[in-house]
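Common to both upcoming complexes is subunit A, partnered first by subunit B, then by subunit C.
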Partner chain A sequence: MQETKVIPTDLQAARSFAEEFLGKVAAKGFADGDLFAVRLALEEALINAIKHGNRSDPDKFITIAAEVNGEAIVITVTDQGGGFDPDHLPDPTADENLEKPCGRGIMLMRVYMDEVSFNDRGNQVRMVKQRG
Partner chain B sequence: MTPMEHKPFVLTVQRRDRAAVLKVSGSVSLTEAEPLREQIDQLVAEQVPVIVLDVSEMDFICSLGLGAIIAGHLKCRHHCGQIKIVRPSGPVRELLETTRLTKLFGLYDSVEDALPRS
Partner chain C sequence: MEQTGPRLSVASEDGVSVVQLADKRILDERTIAEIGEQLYAMVGASDKPRMVLDFANVAHMSSSALGMLITLHKRVREKEGDLRLCRIRPSIYEVFVITRLNEVFQIHEQREQAVAEAASA
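Right, the complex of A and B next:
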């Protein structure tokens, strides 16, 4: 069953949501590798929503729709920012970008999840992780 | 151990000759990256030649935490210092390899291996 939650643009609120949701994932018996992957991807999506989407604006909110069933985990994170083009991002693993402190979140979501897609505006990411 | 049963986040610093060993235990999650950044900044401000990050008991790190380490690495350059990473656990090692940050820091098997030669 899908649950939807709206949280403020705040790292502590994001962390609390992530811990609560990951507890539900763990209760479904997903393997440690799946849990690590989902935790990482969820936190990266929330970081992007807070810092890049809502630009840490406390008057904006983040909407999270999350579902875990026996076989898969589906998470959608939507911010209130203007969006971005996920197809035109620098490669953070390129030699010239290795020393940049930011810019790894989207790549990590794509590596650790089975499906990652964005809406046209670029302010919503949907991620799917199948049971490994 | 699942990510929901991780060790508590703890930072400990041990001073050595021309080095500081910063042990990072537990998860560097959304709210722990900033304390990690502050601790590294403090060591950088002291111009410690080598900061050894012992991550053998770190079970998770997000990109904010990676960013804190990279920012410290850049600041260390101002005094020709270095950050070295020791014994990442399996998933953390995999993350460092995926991001190719192993090329930036190199990984060491022990704190002693990472300390400057006297």
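Right, the complex of A and C next:
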């Protein structure tokens, strides 16, 4: 069953949501590797929404739709920012970017989740993890 | 959930600061900033910092935590010091491999080996 929550642009609210949802994922018997992947991807998505999307504006909100069933985990995170173009991000593994402190979050989401897609505006990410 | 205890403990071994990271999860900005500030201060206080970070307790890390480590590494190198990481769990080491940061950092399985290499660097 899909659950939708609207949280403030706040780290603590994001953390509370993540812990609650990951508890549900664990209760469904997903493997540790799946849990590791979802925790990492969800954290990156929430941080992106807070920092880059809503730019830590306390008057803005983040909408999270999350679903876990027997076979898959589906999470959609939407912020109120102007969005970005996910197809034109620098490759963080290129030699010239290797020692830059930022720019790895989207790449990690793509590696650890089975599907990662963005809406046209670039302010919404949908991630799917199939049971491993 | 949020931890309020000390983020790290530091021991000196053979002139090397051996830092045990206490948090199981180094994920959110506040935790990362607190750890970073403590580590940057240690580097700032030393003429030639030699440091080993022990990750045995750490089960989860975010990309922001990797960024903090990169900044720390730069500051250590600016002072011609030496930074090594050790006892990284396989699941986290995989993140280092995916991001190619295993090529940037000196990573050891054993703490003793990391300390010995840092002491002689």
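One rule holds for everything that comes next: the second predicted complex is superposed on the first by the 132 of 132 C-alpha atoms of A that agree within 3 Å, B and C clash if a C-alpha of one lies under 4 Å from a C-alpha of the other, contacts with A are read in each partner's own complex, and residues count from 1 in each chain.
Convention: contacts are C-beta pairs under 8 Å (C-beta built on N, C-alpha and C of every residue); 3 or more make two chains touch, one makes a residue touch a chain.
Since the structure is predicted, the reported quantities are computational estimates derived from the model, not experimental observations.
Regarding the shared-chain residue A:C102, is it in contact with subunit B (first), subunit C (second), both, or neither?
A:C102 contacts both subunit B and subunit C.
In the overlay, answer first, second, both or neither for which of subunit B and subunit C A:G23 touches.
Only subunit B is touched by A:G23; subunit C is not.
With both complexes superposed on chain A, which partner does A:T93 reach: first (subunit B), second (subunit C), both or neither?
In the superposition, A:T93 contacts both subunit B and subunit C.
After the superposition on A, what does A:R39 contact: first (subunit B), second (subunit C), both or neither?
Once the two structures are laid over each other on A, A:R39 reaches both partners.
For A:V111, using the defined touch cut-off, is the partner it touches subunit B, subunit C, both, or neither? Pick first, second, both or neither.
both
Return the residues of subunit A at which the contacts from subunit B and from subunit C coincide.
Common to the two interfaces on subunit A: residues 11-12, 14-15, 19, 32-33, 36, 39-40, 43-44, 47, 92-93, 98-102, 104-105, 107-108, 111.
Spell out the residues on subunit A that touch subunit B in their complex, using ranges where they run on.
11-12, 14-15, 18-19, 22-23, 26, 32-33, 35-36, 39-40, 43-44, 46-47, 92-93, 95, 98-102, 104-105, 107-108, 111
So in the complex, which bits of subunit C are touching subunit A?
1-2, 27-30, 60, 62-64, 66-68, 70-71, 73-74, 91, 95, 98-101, 103-104
Any idea which subunit B residues touch subunit A in the complex?
Residue list for subunit B touching subunit A: 1-4, 29-31, 60, 62-64, 66-68, 70-71, 73-74, 91, 95, 98-101, 103-104.
Name, in rising order, each residue of subunit A that touches subunit C in their complex.
Touch residues, subunit A against subunit C: 11-12, 14-15, 19, 32-33, 36, 39-40, 43-44, 47, 51, 92-93, 98-105, 107-108, 111.
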